[in-house]
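Listed below are the structures to be examined.
Both complexes shown next keep chain A, but they swap its partner, so chain B is in the first and chain C is in the second.
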Partner chain A sequence: MDLFLQTLLNGLLIGGVIATFTIAFQLAFGVLHVIDFAVGGWVVLGGYLGYYITAWLGLDGFLAIPLAFVLFGALGYLIGPVLYNVRNSRTARPELMALALSFGLFTLLRGGMLTAWGFNTRNVTTALSGESLAIGPVTVPLIRVVAAVFAAAIAGGLFLFLYRTRYGLAIRATAENRHNAALMGVNIGRLSANVYGLYAGITAMAGVLMGAIYSVNPEVGLRYTLFAFFVAVLAGLGSVEGALVAALLLGVIEAFVSTYVGASYSLLAIFTTLFLVLLISPRGILRRGL
Partner chain B sequence: MALLPTNAQWRGLVLLAIIIVVLGALPWTVNNYWLRIATGALMWAGLACSWNMLGGYAGYINFGQSAFFGLGAYVTAFLMGDPFGLPFSATIPAGMVVTALCAVIIGAPTLRLRGAYFAIATWAFAEVLIQFASAMDFTGGIGGIGLPPYLNERFFYFAMVGTAVLTYFLTWALFERSRFGLKVKALRDHEPAAEAMGINTALVKLQTFVLSAVTASVFGAIFAYWVTFINPKSVFGGDITDQMVVMVLLGGLGTLWGPAIGGVALFVVNRLIWMYWGDTAFYIAILGTAIVLVVLFLPNGIAGLFARRKNDALDKVLDKLIGSGEGGHP
Partner chain C sequence: MAPIDRSFSRRRFLGGSAMAVTAGALGMPFVRTARAQAATFKAGVITSLSGENILGGNLTKQGYDLWADAINAKGGVEVAGDRFKVEMFYGDDQSSPATGADAAERLIVQNGVDVLFGPYTSGSTIAVQPICQKYQVPMISGSAESPNVWKAKPEFNFGIIPAVDTTSGLSLGVLAKLSKPAAKTVAVISVNEPFSKETGEGFRDGAKAAGLELATYELVPPEGDLTPIISKIAALNPDIVAVGGHEEVLINVVKTSKSLNYRPKALIMHYGITNPAFAQALGADADGTTGVVVWLPTVAYKDDVFGTAKDFAQMAQKKLGGEPDYTAAACAASGLVLGDALKRLGKKPALTPENRVALKDAIAETDIQTFYGPIKFEKDGPHYHDNIQPVPVLVQIQGGKTVAVGPKEAAAADYIYPLPAWK
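For the complex of A and B:
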């Protein structure tokens, strides 16, 4: 029973961190209509930023979080319009071309990181590394708790921004219907750049947390892209609310399969679930997808 | 049809003759090292072509083509191995049958999905296979399986030439010169309209998918016997699909010669990088850069640059050879 509770808690805490970047991923899809393969690349880059903050500057890894947001937010702001232009270009198949572009970006990030840093695994160290917290019969590493709380704060802030501000309204309107939003005076191009920047920044922040909890190497990016896809498929592409539920579910599935069946089966279980969900209910289990 | 070939047909004939002479003479003029490179280039040109059938002509982006390449490789390795010990010639048809069955089972439901959903579903399927092959015992797990070695470079070269030529001929005959090809292109350009015209789009998509999968499996089978050792990463790995996608994008989506141009070009770049730097990571970065640049500046690929004259010359000769010209041919 203790093992069960422990596993459940671990799953939920990790699911919370996954939720932050998958919510942003869904938002980016809703506005730009691009499935972004590069999502895992941003996560890993955030992790590396956290690593270099500690390794070079000797600072606490958590200090990389705001820096990651600013740095990768700016980078995303520059890349967003390129994706947007390809998606809305007059080529024969813009959707496919945008998919290919994000795929190329991901391959470029992955290859560049492998060339620069090799296959070695790096850890983000923080003041909390190694500390753990006992809650009744279960113990959890303190860093996971902090990361999950932090992730919840980011997600909460994002929801407040989306539902309580005028700009959030404009974003939701664009996701709902871009033509009508444009008619109401929303500058879709600039909004897309902002949203992509927001998304890249949040994803990199989640990457710092992931680097502190597990570790990073250039090859794990694929895993996070998969996580984002899994959540998107489960929630239905573009459904921001569904992403929260689906991410927690993903964390729990992964934790339980790893604990009770074996770590080498967790990816098999996730991929199989993803595949089956796509076949049975292509618009997501919540039937909210676009 | 005129008795004497026209100018364009002469050009095509000469081109075709050059290709035949070069491909035929290669095994007797270069050393084994370069023969291996030529064999690899032919395999990638063929694999890119197999991906192009569904991705280019039907517009369905398959991110899991390595699944079928790997199936062909694993069936061959498995059947040539200890308990069975079948000859290579018998394992290829077995691999084709297994792949075809698998493609029907996978294709029928996934082809209902569109765009990104289809891409994710096929990717997930390939990853299921790689994880499955890594976790099971009969596949040798992560360690992989060895095959009985057969050190005859010329044999593998001609096996690749034969399969590649057949692949291109099938592509040309089916997608460029038949009603079937028109149906496929119609569903790519506007699926509901194609449906309304009475095309059974579900069937056409499935046929294309199975054809593309089976072709890839034959290359996988030859590859396995050629390298004599396979593991889940080397035949199911996402990198294999990635390369096919990039080769087709670079050469030109939905064109006959695009995959050949892109496949050979990228494979040679790959070998050169390997020769001079011995670094595969750098090649991945180059692949990524190539995709980004092609999407931004050359959306129709290299073949698109020659779109006006394109391959008319070669096409006309091929037309003459099989004596048909069905389907809106000028």
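For the complex of A and C:
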């Protein structure tokens, strides 16, 4: 029973960790209509910022979180319009062109990081690194709790922003129908830049947490891109609230399969779940995706 | 008699230039022939000089070059009373096995090398072996550690480092002897990828030979979260946790274990802890981690070319600016094998195809002592043509430094067992 409870907690916390970067990924897809392969690149960049804050300045890795938002948010704001223009160009298959561009951006980020920082694996140290809390028979890793709370806060904040503000209304309107939104006076180009900036900033913040929970090297970006894609498909493309549910579900499946069946079957279990959900509900687990 | 016109004209200038270029071009082959008269043994190095394995690729190249520099400084390889220098040629496998095979073919066909020094990765080595077989060119591999390289029974390839299944397996026996009170159980985690899985299988099989009970054997995907596995192992509470994986997984095992407040009495990993980045990434949490190496600068071996292991380490430090690891040492020792085989063969360069086959047979008969340790290749079985002579040395991170702790004759410090609880 102890192991069962620990496994359940592990799964929910893994889900929380995955949700940190998949929520913003969904937002970017909803507005830009691009599956951004660069997501793993932004996560890793955030992780490296966390590492250098610790290694060079001797500060707590958590201090990199707001800095990651500002720095990579600004970079995303500059890149966003390029992606937007390619996605809405008059070429035959603009969606494929945008996909290729995001893949190119990912390759560029990965290659740039390899050249700049090499292949070695780095670690982000925070005040909570390795700290845990014993609640009865269950051990709770505190840094994962922080990541789960962070994901919930980002999801809640985005939800409020999207449904309680005029700008959020504009974003939803753009996601719903770009042309009609433009006719109503929404500056689609600037809005896309803002949304991509917001997404890149949030993802890089999540990257600091990922670096603190796991470790960071330029090669791990692909893993995060894959997970974001899994969650997005399970959640329904563009569904922010679905991302939270899907991430938690995947986390719990991974934990239980790893503990009770064998870790080498966890990916198979995830793929099977993905397949079944697509079969039963193609618009995602909450039936709210595109 | 008409006066000779020595004035400058465009026609004369062009004519003169053309003649000079023609004469130069005609003369070049003679210059080349004159240079080529100083016979050398040509050795080709195939390794990763670009791509994701560039760091390891350079380690192998540096090791091979250290031998070439050392032997050339002595006038070259001794053959029948004369000395012949060694000329190195390089082929980049770009961290891809298929490109490695192409590079090997190019070195053999275009550069006409007499012998090859093998790649950094086992995958590339496996891809190059058929090329060696096709052209009947011997290869000495100073790095490949996968048992699959030798299971293929390569006629022309020879390995200096013992396959990882032997070293990881034997290391558990060494650890079990050092542990007080004696360790009884072991849990093995291995990443589901070729090298790591073979390491894990070595630990799994070695447990039995060491008299340890296998609590669990967990195969994990490279991208998986380790929390469920560590939770499961914590519930089983084995004395030793052995991990087959590269640096990133090793770091994550330590971090996840600490976050779950679980520490086994011993944590052993085969590869990665000797990379300074491991201790740097984990800081004090890396302390106590045990690793396995097949060579250290402190081992008590020596030879005529490099001197003692310490002399070799100093030479490498001077040329490379850092302490050499066992891969660089094994690659340098590959050259010693070649030098010894050429001396016994007694054939001067360039080697004929028949002599290259004879060189392969001479390498197979190697039985020498080097600064790296004893070298003698297996003549049969699953480790065919691999040098499984070296006994693995256990190292442990103590106070941020990697020190030898076992077996007793190689130990520089006491082994810390059991590990204390996390601070």
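Please note the rule applied: the second predicted complex is superposed on the first by the 263 of 290 C-alpha atoms of A that agree within 3 Å, B and C clash if a C-alpha of one lies under 4 Å from a C-alpha of the other, contacts with A are read in each partner's own complex, and residues count from 1 in each chain.
In the analysis below, a residue touches a chain if its C-beta (ideal position, glycine included) is under 8 Å from a C-beta of that chain, and two chains touch if they have at least 3 such contacts.
Just so we're clear, the structure is a prediction, and the values are computed from it rather than from any experiment.
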item: Chain B versus chain C as contact partner of A:226, first or second or both or neither; value: both
item: Contacts of A:281 with chain B and chain C, given as first, second, both or neither; value: neither
item: Which superposed partner A:110 touches (first chain B, second chain C, both, neither); value: first
item: Touched partner set for A:237, first chain B, second chain C, both or neither; value: first
item: Touching partner for A:10 - first (chain B), second (chain C), both, neither; value: second
item: First, second, both or neither for A:217, with chain B first and chain C second; value: second
item: First, second, both or neither for A:267, with chain B first and chain C second; value: both
item: Contacts on chain A seen with chain B and repeated with chain C across the two complexes; value: 114, 118, 226, 264, 267
item: Complex contacts: residues of chain A adjacent to chain B; value: 35, 82, 86, 89, 91-93, 95-97, 99-101, 103-112, 114-115, 118, 222, 226, 229, 232-233, 237, 264-265, 267-268, 271-272, 274-275, 278-279, 282
item: Complex contacts: residues of chain B adjacent to chain A; value: 59, 61, 109-110, 112-113, 115-117, 119-121, 123-125, 127-128, 131-132, 134-135, 238, 242, 245-246, 249, 253, 279, 281-292, 294-296, 299
item: Chain A to chain C touching residues, read off their complex; value: 2-3, 6-7, 10-11, 13-14, 17, 114, 118-123, 125, 129-132, 134, 139, 141-144, 213-215, 217, 219-220, 223, 226-227, 251, 254-256, 258-259, 262-264, 266-267
item: Complex contacts: residues of chain C adjacent to chain A; value: 52, 54-55, 192, 218-221, 223-225, 227-229, 231-232, 235, 247-248, 251-252, 255-256, 258-262, 275, 277, 281-283, 285, 422
